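Paired with subunit B in one complex and with subunit C in the other, subunit A is shared by the two complexes that follow.
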Partner chain A sequence: MTFSKALRNMIVKESASQTNQDDQSPPEQDSKPPTLAHTLEEFVDCSDITHRTFPDHQIDLVYFDQLTDKDKLSRHILSPLLSGSDEDVAKMVKHLQPFKTTSSKTLILDVLSGGIAVFHGPDAYVFDVYSPEARAISQSETETVITGPHDAFTEQINTSLAMIRARLKSSHLKVIKLSVGEVSKTDVYLLYIKDIVNMKFVEEAKKRIQQIEVDAILDTNMLIQYMDDNKYSIFPQYLTSERPDAIVSKLVAGRVAGIVDGSPSVLSLPTSFFEFFSSSDDYYQRWILGSAIRLLRFIAFVITISFTALYVSVTTFHYEMIPENLLMTLTESRSRVPFPPLYEALLMEVTIELLREAGARLPTKIGQTIGIVGGIVIGQAAVQAGLTSNILIIAVASSAIASFVIPSYVMSASIRLIRFGLIMLAGFLGNLGLVFGIAAIVIHLSGLTSMGTSYLNPVAPFKPKDWKDIFIRAPFTALRERPSQSSSPNVMRNKTKE
Partner chain B sequence: MNTETKEKLSPFHTTILVHMIQTGVMALILPQLLAETFGTNGWITVLGFGLIATINILLIGAVYKLGKGRSIFQILEQSIPKFMLVPVYLALAIVWSMLGCMAGKEYILIFQMYAFPTTDPMEFKFIMDLLVFWLLTKGLYNITKASTVFFGLFVWMFLLLFFFYTDFSWSRLTPFLFKGGHFTYLESMDIYSSLLGYEVVLLMFAYTNKKTKFVKSVLIGNGMTTLTYSYLSIVTFGVFSLEQLKNKAFPVLEMLAYIRFPFMERMENLLYGFVLFTVLFSILMYEWCALEVLKQIFPKLKANFLAFIVMLTCFLIAYIPKTLNEVGDWLSTLSMIESGIAFGLPILLLVVLMFQKMGRSPAHE
Partner chain C sequence: MNRLPISLLAILMLVVLPGCDYRILERIGFTYAASYDAAPQNQVEITVSIPRAEPTIKVKRELHSAIGQSSKDARIKFANETDLLLVNGQIRVLLYSEALARKDLSNEINSILRDTSISPLVKITLVNGNAKELLSKNYKQHLSTDKYINRLLEKSSSNHRIPRTTLYEFERDYYDDGIDPIAPILKEAGEDIAVDGIALFQDYKYIAKISNRDALLFSILRGKFKKGDMSLVLSRGEDGSSSEYIMFTSVLSNRKVHVERRAGGTIHVTINANFKGSVHEYIGNKKLSVDAQRHEVESKVSEIMTESANRLVKQLQLHKVDSLGIGIHVRNSMSYEAWKKLNWREEYQKVEIECKLHFKAKDYGKIR
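Our next item is the complex of A and B:
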């Protein structure tokens, strides 16, 4: 596009809506009959493919050894073949009849998904013996709770689905199976509860997933970035959780969940900014405690974004704001520091982030060492060397600690990054810069949407009814309705008499 | 932009938006103006001014009802040829964009005076205009959503007035009414201008439906502003004596400077910073009005481009007045014109609507 054209596009409205979307590519020809030769040709150079021939019975087996359950394979397929009796083989072939396949493409896909292809004369069958090596169910590393269930989703899509099904024994829990990634063909399950969910979200999520045309999707957090309403925002627009109880609570609240094969995180949609501040154990504690902790998290949010910035602003421009008694201590500790507060703060903030990142990448035992070394280096040496003031360390440390109070790791990481922007604004423009920064964040947030619903729900649009499960955790008898954001056709969720 | 055509304003958002547009820097100067113009117990007049604003809103409400929710552009363009309207539109756009621009510059200059005497105020103005431009491109629906959040970030400041209950003395309110003031029409217009801002709802007709309960919401918004201004004025009149009040440029800011916590004091510039949240909307909505009018003049140009031009022009014009006094003069003149528009435009629209009704009635018979 020439410059003048681009400029014109920015200034003048388009006269007619132009579409540059190609027509959908025609569905792949799927009618080819499955043959052994074609299957082997398809898997040529795949050294891990197993091809076994039983010429006596005119049977050929093609499968991936590492994807199959050895026991099942041996019991259903190999034993009859190895026993050599025609009767057994005939019985086996009879058993296989329901698994007959007529399409070459389906057969190849099924073999890739852990099936065993059995070629018997002109016929082909695929028998599912899928059983990859999988991790056992364990505790979530990122979303630990003190009270409440400790199990977390695993990378195995069916295990994750089973954990949800075990908690929701309802035929209304529906599952849509989708596939994403042109090479990876990753399975994605969309889950919802019929009659509770608003189907527009299910349809929209399905549409967005089907529109993804990429080679591979490796994790839920990767998938959701393809589905975002606002791709350039720093904030996560879908909630992800590793906890089955959390996802089940989202489902019964009328939200849609999505499981991606190979990822222990499960997504929930639509979501709002405030939803990232609640954790499962708010519900497992007494409501007053749950409410207090929730409020504490919002205070933590304010501390995270403003504490260091306020220090920079006050020590750069507004010394008058510090009371006389405190001023002595502050000037004393600042007097040895040769840098302006902005550099001092940025230096410390970057160091803290380095420590955090190093701690996250290292094994737990070495991670602890990093904590001690970092603690001593930052806490003592930096002050003694005159690189930073004591009070700044308190500010930086408390805002770092506060950031970890936010239960969602993705949200807390976003907020930590924003903090740097605020520190710089405070360093250049003082309190006004700080206020400008907060205004910019609010303006950005108010334009965000999650699946077309406002990201600032239930503050804007103003739904005070929902506040009792957002800013506090009211007693269960007070939580009678599903959140308005999920616009559920079935609003009442709790009919318990008080 | 897509949501804007679909989503209509809710009553709550409309109320908050009107309140946020009205509340602005003038709140900080208001008690001084009241003391100077009306003397003792001048705060009572705020209620009177609020009443005038209410009448004006009812006038706008009549246009809304008679026009059956059509936008004012539809009403005007049905009866008056467009070439005649273009100069009117242009004039309105100029007044509105300048009002927004000067309100912004005033806020910045006061901040500069308190905290950054050596910094070029236009640096701050640049960032402020960026924020306004950003909001302007988001459309009215998102603006109202933002206004609700900003309202939450701002409204707690009224709680700070509790700090002055110990310094408050009823004797300063005196039983005398309106003594010691020097009444001028010009100053009382200035006082009235602190309530201006409700008239921008004239351009919001197209964004409402029945559920908005438009007139009621605007009236409540105006009521909130009137009451908060009155409350603020009572407290200020009770904390300072009349003579003190007359001689203070920004009595509310000085009051805020008295607040002290064990870990922080003299927070007036931080608190004044929070006033930005509401000033932003006073500026923004005038610029939005200018933009709406310009969209009618230049239907082929993109809204974002027009918004850019409006903000650029405002930024450049803001270079002209250098001091707070100059800005005050500009604002006085502009708000006088704006008061005229606030009453004149609805009356004009009502006349047009009546002609339309008269013209239509024979066809029905």
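Our next item is the complex of A and C:
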């Protein structure tokens, strides 16, 4: 028959990526040849599966209606099959380029990822018409910038990959396709630029992802916790970003990126602590501005972890440290508060965290109400009611604001939590406790690693050359080398003559 | 082991234990200023001024006073009178009466030095009269008295009406070889407090005083400084001729000391001080815009200043107080052994000191 001939001619060799996927699957099912009966048996009780039979052509179709492109399906497959002759079917086949499948396991996986299984006699073919419902590309909600590109990754892995490919027109951008989750079978793409990346990171990341044995991975931030070097640390050990430009900059810096299907955030590794304090904005502004803002973020970091704690320790132990005039107003506003400064501070910090959490969970319209109510309650009523002193309000509010200056939400959340520990230590031992706490944080940070590299790169190990792109954003002519953390075989990145 | 219960217990303790602490800001009475007066039987009378910021009471400060063998003894006595926990960490001003200072301040200063919570930046001042009265009185047109004194001293030392005398500087001068400490003197002047002059110490003992008139001159001789103003009468308007008067500000002064050993073993010291100032006021018949005439005025100022400087130095030598630190320069000009052999206190009187002051008008304004 013409149809089967056409099918046989048009078979495209199984791609490398598919072989890769096969590596992931348990071997015992692979040997079974794909049959209609077996496939239907596999999908029994899946009421959303569609099975159509065309006795004229001896063809059976099995697919998930909601995963396929309905337009393609009806135009290229259904209408030729319903109305056409064998020639039409052959033309249709030529157009769609099916895969011939030999293993039942692959066939089922393909159907699950939006393919149409075509059974014709003993042979089975898969047409890829995958087109799930997807969100349009929009701005990132968590990482907004003022200048620079505004698009953000979406949940759709191919869209995200396309956004990176569009920015890196290089055949050296390589993609490894992996699959995680025994039930979810989530696609994970590992991206790297050949000759720039140090392959040890690619191998290590691949190994770690392959070692994950879990039912489902739903988000990048979930995946990275399976890959952590230090599982009990409060700090995120991989950078995730929703911004394609940020991820591309990480790729060209010799880092590895990872996209997880269904998650708009993309991971980058290896990561250092200081990377969380830089934003793409720094590079789009004039360098002096970029540097100033970057320094501001480090100041914000210090403020957010220590300001409230300092208030507590100073009001409880170290009245000597306050300028005399401030001391008077401080005593005056403190004099009506019935609690020790520690409880006063904890009360306000918890209130602010409540407000923040409520604001994050609520829809935007109600979220505004929370802002107003919270603003009045915290700003005015708490002081008038004698629950807190107004200087504490300033301390708590400024440290909350400062925590939001840190561009990475994950990092800023970690830092906000650390603050509570420091406040308690400050209330217990004053500045001594505060110093103990900060020392403990520094010790912990120095012990952390990301993909086997030091988390405090480039401060420890000491690489002052890298500092011009960490603490400040030096002019581009000065940024000539890739960061030492990515230990790239190709160090020079900028050969522009001055 | 069971890590979780232990860490939970630790957190619980961290949260609960601070509640036991009494040292909370509003329950602390931080002494702002303290005065020391001589009392009979070698005792001291101590008065402390503690600012209060309680919105419910009108009083701006608490005053407590007691007589005791030592400052700490008195402190224990008046601690019984207040509900506040008395601390010294915010103390700004220490006032000593002249009478007490004439005896000796070593006990008082030592007890302050021993208290580590007291900042070395606390200001040391003498009071002409009763220090307790000066501190207790409320001066209607001024801030709370303790703050008023503090700011007055700060301002005055910033334009060199008086030297900057903190505990640190006082102690440094005390321990340094070849210089004697100094301190400003305050006095009550009706509804105000006024600077009365500079007290010259020999170790911890108050010896003599420099009047207000010579304060800037003293500063010029003592070292390099910026800022300050001065007025000078160049000539009295005797028998019809118009008087000449000059006032200059923004004084920039630099001094150099040369030590020379003259034949016969006498030490000869030359103090060269160059100071510049902007002429703000000049009343007289010379034109400052004419170079020659301006130089004339300048040299006249230099002459008058040199004369009074020499007089001032003579006075210092008479009292055996080396407040200008001439000894430091003498010491630096000789070997350590030679200096050790030298009894500077006695030798000081024999030293020939010559002051040479040079004035230069930086500018003289728009008026020609």
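The criterion applied here is as follows: the second predicted complex is superposed on the first by the 458 of 498 C-alpha atoms of A that agree within 3 Å, B and C clash if a C-alpha of one lies under 4 Å from a C-alpha of the other, contacts with A are read in each partner's own complex, and residues count from 1 in each chain.
Following the convention adopted for this analysis, a contact is a pair of C-beta atoms (placed from the backbone, for glycine too) under 8 Å apart; a residue touches a chain by one contact, two chains touch by 3 or more.
Owing to the predicted nature of the structure, the values given are computational and were not obtained by experimental measurement.
Student: Looking at the overlay, what does A:475 touch: subunit B (first), subunit C (second), both, or neither?
Tutor: Touch partners of A:475: none, neither subunit B nor subunit C.
Student: After the superposition on A, what does A:114 contact: first (subunit B), second (subunit C), both or neither?
Tutor: neither
Student: Report for A:334: first if it touches subunit B alone, second if subunit C alone, otherwise both or neither.
Tutor: So A:334 only meets subunit C here.
Student: Contacts for A:434 in the overlay, against subunit B (first) and subunit C (second): which applies, first, second, both or neither?
Tutor: first
Student: Going by the contact rule stated at the top, is it subunit B or subunit C that touches a larger number of residues on subunit A?
Tutor: Touched residues of subunit A are more numerous for B.
Student: Just checking: does A:371 make contact with subunit B only, subunit C only, both, or neither of them? Give me first, second, both or neither.
Tutor: In the superposition, A:371 touches no partner, neither subunit B nor subunit C.
Student: For A:320, is the partner it touches subunit B (first), subunit C (second), both, or none of the two (neither)?
Tutor: After superposing on A, A:320 lies in contact with both subunit B and subunit C.
Student: A:446 in the overlay: touching subunit B, subunit C, both, or neither? Say first, second, both or neither.
Tutor: first
Student: According to the stated criteria, A:342 is in contact with first (subunit B), second (subunit C), both, or neither; which is it?
Tutor: Once the two structures are laid over each other on A, A:342 reaches subunit C alone.
Student: Following superposition on chain A, which residues of subunit A contact subunit B and also contact subunit C?
Tutor: The overlap between the subunit B and subunit C interfaces on subunit A comprises residues 317, 320.
Student: Show me the residue ranges of subunit A that touch subunit C in the complex, using the header's touch definition.
Tutor: Counting only subunit A, the residues touching subunit C are 315-317, 319-320, 324, 327-332, 334-337, 340-343, 346, 424-425, 427-428.
Student: Considering the complex alone, what residue numbers of subunit A touch subunit B?
Tutor: 10-13, 317-318, 320-323, 326, 429-436, 438-440, 442-443, 445-447, 449, 452, 454, 456, 459-462
Student: Can you list the residues on subunit C that touch subunit A in the complex?
Tutor: 11, 14-15, 17-19, 21, 23-26, 28, 30, 32, 51, 53-55, 87, 89-90, 92, 117, 119, 147
Student: For subunit B, which residues are in contact with subunit A within the complex?
Tutor: 3, 10, 12-13, 111, 115-116, 123-124, 127-128, 131, 134-135, 138, 142, 144-146, 148-150, 152-153, 260, 262-267, 269-270, 273-274, 276-277, 280, 299-302, 304-305
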